[in-house]
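In what comes next, chain A is part of two complexes: it sits with chain B in the first one and with chain C in the second one.
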Partner chain A sequence: MLRSAKKLTIFLVIIMVIITMVLSMTSCKSKMQTSTGLGGNTGSKEKVYKVAILLPGSVNDGGWSASAYEGLVKIEKELGCKTAFTENVKKNDQVQIMREYAKKGFDIIIGHGFEFSDALKQVSQEYPNIKFVGIGTMVTGPNLASLQFKYGELGYLTGFIAAKSTHTNKIGIITATKDPTGQIEFDTLEAIAKQVNPNVAVAISYTGSWEDIYKAKEAAIAQIGNGADVIITNNDAGNLGVIQAAKEKGVFVIGWTGDYYKHAPDNVLTSAVQKVSLLIFEGVKGFLEKGFEGKVYQLGLKEGVQYIGEYGNTVLQELKDEVKKITKDIIEGKINIEEIYKVKK
Partner chain B sequence: MIDILLAILNISFLQAIVNMSTPLLLAAIGDIYSERAGVLNIGLEGMMLIGAFSSFVISYHFNNPYMALIVTIIIGFGLGIFHAFFTVTLKADQVITALGENILALGLTSTLYRIIIGVTEIQPECPGLPVLYIPVINRIPVVGDIMSGSNILVYIAFLMPIITYIIFEYTSFGLSIKAVGENPKAADSLGINVNVIRYIAVIISGIFAALGGASLTIGGLKYFFDNMTAGRGFIAFAAVIFGRYTPLGVFVGTLLFGVSDAFQLRLQTLGIQLPYHIFTSIPYIVTLLVMIFSRQTSFSPKALGKAYVRSS
Partner chain C sequence: MSNRKLISFLRIFEKDSVIESVITPIIGLIVGLLIVAIIILLQGVNPITAYQELIFGAIGTKINLFSTLLKFIPLSFTGLAVTLAYRAGVFNIGAEGQLYIGALVATWVAIKVNLPFYLPSLLALISGTIVGGFFAFIPAYLKVEKGINEVLTTILMNYVGINIMGFSVNSFLMEKGQTAPQSPLIERSAHLPIIAKLEGVHLHIGIVLVFVIAFLMHDIFWNTTWGFEIRSVSINIEASKYGGINVKKVIMIVMFVSGAIASLAGSTEVLGVQHRLMENFMIGYGYDGITVALLGGLNPLGVLVAAFFLGALRNGAYSMQIATGIPISIIYVVQAFAILSIISASALYKKFLAEN
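And now, the complex of A and B:
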């Protein structure tokens, strides 16, 4: 009796392991997309490039990782590359997954986010013939480049909009963790908001998690309780929780990364849209057409990879026009944003 | 200092405590049954995640949050049987089983979400549980204000410690659970069916863990998201140990966690120039401190973690 129970245990454990493996393969491991990927307009003999990307979150987070996935689809469709991606990559799996892609003969391997910096540096040295790219990173090497959004541009514009829209003179920011790129945006935002309206106070709440929507909502409620009536949320999935809180409590909110207008047209002022999809697409396109350089590429308003999104129903035409003018000035170089955040440092 | 007092001396702060504590309290209170019967349930996290997912999907598809609640209870029942089958019937290692369950739950919910809902432009929202208006409670001055926006799960969560206390102190069922967890052999010799009691206790734990997950979706955000429980199951498990396996202790433990989390979020809004890690770690530091200063020998049931083998 006891023996057969033991056999049954082993059998069931094996079944469970298999189920788990299959599920994790379909959900978080590489979904190899075996499209034919021959660019229609180019000759069929041309080499088909293989591009892989490692995502820190899931492809349906509606923000950072979803946008990268979009870019990858665009690369596959328009550049005729073969693509693959891995979702929900944990810090200690980064190196291993990159090596796997390198061994499988991928030409370009992309680490999507600042947290991939170390892994990119390490693995790029092991495979000198493969091009490595970090998104939002600062690392470079002979075969390692970084693609970045031009710092401060969106912080400048959202700071202006927020300061013009607040009645209580309190602006709240909600984000997950403190990282250098985000910090530059928020420093710029605060500096501009204070320039527009010296009485404005800006407070930042860190939730410590990009996926804990429940906590992001509570953080927003805390900000609103403190009197903030404009909240800027750069919290990936957490943005949804913040927007929900804004809707319930009747305050304004500015989304980040995605365009959040449709989620709450009366509460969303606008969104600081960062088209990660375009950043990656334009970046990879550049590598294939103009060649690869081991440097930091900065793309911004000028290249159209980031911009101010759809405006909410309550935003006046006057403000929209002002923002339009500032955007033009930034693109033409009349406003030097670097000076603003450097001073703050 | 006055700023800090102003930030916490209001109804919104108390409501935040209730909101933050409810999912933890549901999962932790249910877990007491399982632990007291001698079965470790570290699978709370996975059970919560499955509860959150299933309640979302049912409510979204059938447009009926109460139906979702009932289905979640049934699924929680199933999760309990699943865990009990491995740990009680097959006598598998209780920790390993739970780890497997947690990984399975994460993969299962994420995959099923993509199959059922897919990748959408706007995150789909399901109907949430309506606010439950109870005339007597809502007329009590402060309590009424705190509970004014609460749904049935919040009431269940805050009633459960009392019910659990009564069950453990005044019923033979509660006594049987304790006996089975302390000395299964003795209990067996007195005619208590050890395995049946353990099955029931684990099923209760499964149901309340699933409800804890449901309180995040249909009882709160109305969204579902990959891994949205974000470690709450483990915190609930810690709260059970922290609360010395007693309903009152667990109640205080989860509330303490809710209080310190709601407090740190308010502290951050004041713009105090300190590294934010200090704020976000306050709940954990508080828990650690209490554990250190309540230094006493273990309160855990003697047979906790051990499968009962009759023949020996």
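And now, the complex of A and C:
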């Protein structure tokens, strides 16, 4: 009798623990998910647009999906839209979730990532009055647009900085995979570096992984061994490995996507920052203000969604001013980047 | 071969009678939904509104019902695969890897083979099942010949399967001129035959296959000598050996077939619904098969019922999340409570029987 009573208590305690865990888990999640009020006051005349986004990961993944959520919050606050999102969307659920949003009267439905391409194409045909947007996709249609970072710009600027900073005339690039858009960046980079300093040689290493920090570090050490003293790293998590190697061997490094100044102020020259949250925000803002076209939108320096980040301690003011001027020229259209990478091809 | 404790624990889920196996998942899920209603209430949402949205999203319109059925198909395949293995006393935790491999092989064949009139899809399905079966055969062989526990090997084989598939869509199977790791679209001639069509939702022939396999399994288990042999292996290996059953052969064949059925979940999804392969094309359906099998009383017909309700929950959850803000993950809590309630109900029932 005593034993069974003990067992029962243990059982009850376990159940209580499970329930509290579940409760605390769901409560913090739904706090975020129900924070989809009407947002700012946009006046009674204007229509309140409803924007929904489908995320491949969770809103607190600290990366791709988290930055999209950041953009969505900005859309709600500053554009006064009503927003909603669904996180952790699996491939075979995409179409159904998009349909649900379409049926519930959303005006703009965003798929966050190339993996939404097929679903966007399919559902956009079923609902011709609703606007569909893909982030990082290439798909278009009468009511379907894609948002991308404008490529070439950051390659141009980083190539210029790298060529001005190298002493050994060897620049290294470390990235994960060989993909066409990345290739355009690096082609531009190489072309500009050679224009600035004809003796410069550029070498690329592919690590095959966006996450493997050690592999990226190994690749960096190999590049440094070959004499490279400026390394450009576009490797997501792997960037940290490259910066570590640069610190140990005392060479310069240029980061990509995030701003890496704080990780090594003496080694990081600067970073090519790309803000996914701003890309989405500026994209939607453009649709609301200038109207929607079914094409691939490329946003870049001009819209402020990508830019050169904080400079390291060793960068001279002179170089900073030059970069500033080039940035201005690119924005004003005085420099045609497309021509540069097309020639290289 | 030391899974006896696990088997004797799981026996609590076993339901041999059809009626019992059909009623259990329904009651379990109702209890789960009732408990979760309290959680929803604590979130400040009216559970009745939430569940109305859930039911409407799952079966409210014809399109929604079709989408539920499209989730029902892979869930039943993996559920049936787990059930079959369990009935022979082996645990197939590797349905996830098997369905990834099945989908990979099916896609590859469907893209390479150029034949008219549904022949490519048939060929793709068959090759997918053979390779998927072989993928499950490896742990079975290791179990009977080397005595390595299949729970461990099948779990580890999942990662092998998932990563081989990931490697393939990143290399030789990658669409030309694409940056994304995905296969090219499968030609129309290699799509599965469609049995019913609604705007945008196509119900493919896989649903017929599900029912055929389930009823066949049910018949074999309880009306044939094979079925008797399979079930006796799970109940007592030593007695089965003594009775002249080739235990090794039974386990190896059952695991092969189990892997083949699991692979159908992946290959029918690619050939019938998604029409191209990419990484993470269906996450977790292999593991969900275990939930489906347990809810369905480890009975092929119960599995169908459990798979339908879990598919409906999943499909309805989007509509509920969009309308009320209740996160989709709540349905996994429902599933967990359903299983817990079945355990406790069965235990109480047994106690009641023992006392009377």
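One rule holds in what follows: the second predicted complex is superposed on the first by the 216 of 345 C-alpha atoms of A that agree within 3 Å, B and C clash if a C-alpha of one lies under 4 Å from a C-alpha of the other, contacts with A are read in each partner's own complex, and residues count from 1 in each chain.
We adopt the following convention: contacts are C-beta pairs under 8 Å (C-beta built on N, C-alpha and C of every residue); 3 or more make two chains touch, one makes a residue touch a chain.
Fair warning: this is a prediction, and the values are worked out from it, not measured in the lab.
Trainee: Looking at A:180, would you say it contacts chain B, chain C, both, or neither? Reply first, second, both or neither.
Mentor: second
Trainee: Go through the superposed model and pick first if A:267 touches only chain B, second if only chain C, both, or neither.
Mentor: neither
Trainee: Classify the contacts of A:83 with the two partner chains as first (chain B alone), second (chain C alone), both, or neither.
Mentor: Touch partners of A:83: none, neither chain B nor chain C.
Trainee: Between chain B (first) and chain C (second), which does A:59 come into contact with in this model arrangement: first, second, both, or neither?
Mentor: Touch partner of A:59: chain B, not chain C.
Trainee: Could you figure out whether chain B or chain C reaches more residues of chain A?
Mentor: For chain A, the partner with the higher number of touched residues is B.
Trainee: May I ask you to decide whether A:91 touches chain B, chain C, both, or neither, giving the answer as first, second, both or neither?
Mentor: second
Trainee: What is the contact status of A:213 with respect to chain B (first) and chain C (second): first, second, both, or neither?
Mentor: first
Trainee: For A:228, is the partner it touches chain B (first), chain C (second), both, or none of the two (neither)?
Mentor: Once the two structures are laid over each other on A, A:228 reaches chain B alone.
Trainee: Which of the two partners, first being chain B and second being chain C, lies in contact with A:306: first, second, both, or neither?
Mentor: Touch status of A:306: no partner.
Trainee: Using the superposition on chain A as set up above, list the residues of chain A that contact both chain B and chain C.
Mentor: On chain A, the overlap between the chain B and chain C contacts is residues 23, 26-27, 88.
Trainee: Enumerate the contact residues on chain A facing chain B in the complex.
Mentor: Answer in residue numbers: 2, 5, 8-9, 12-13, 16-17, 19-20, 23-24, 26-28, 57-62, 66, 88, 172, 178, 201-209, 211-215, 217-219, 221-223, 225-226, 228, 237, 240-241, 244, 262-263.
Trainee: Over in the complex, which chain C residues touch chain A? Could you list them?
Mentor: By the definition above, chain C touches chain A via 39, 42-43, 57, 63, 67, 70-71, 170, 177, 179-180, 182, 199-200, 269, 273-276, 278, 280-284, 314-315, 318-319, 321-323, 325-330, 333.
Trainee: Where on chain A does chain C make contact in their complex?
Mentor: It is residues 22-23, 25-27, 29-30, 33-34, 36, 52, 84, 86, 88, 90-93, 95-97, 99-101, 104, 114-115, 117-118, 122-123, 126, 177, 179-181 of chain A that touch chain C.
Trainee: Chain A touches which residues of chain B in the complex?
Mentor: Going by the criterion above, the answer is residues 7, 10, 12-13, 16, 19-20, 23, 86, 89-92, 100, 103-104, 107-108, 110-111, 113-114, 118-123, 216, 220-223, 225-228, 230, 261-262, 265-266, 268-271, 275-277, 279-280, 311.
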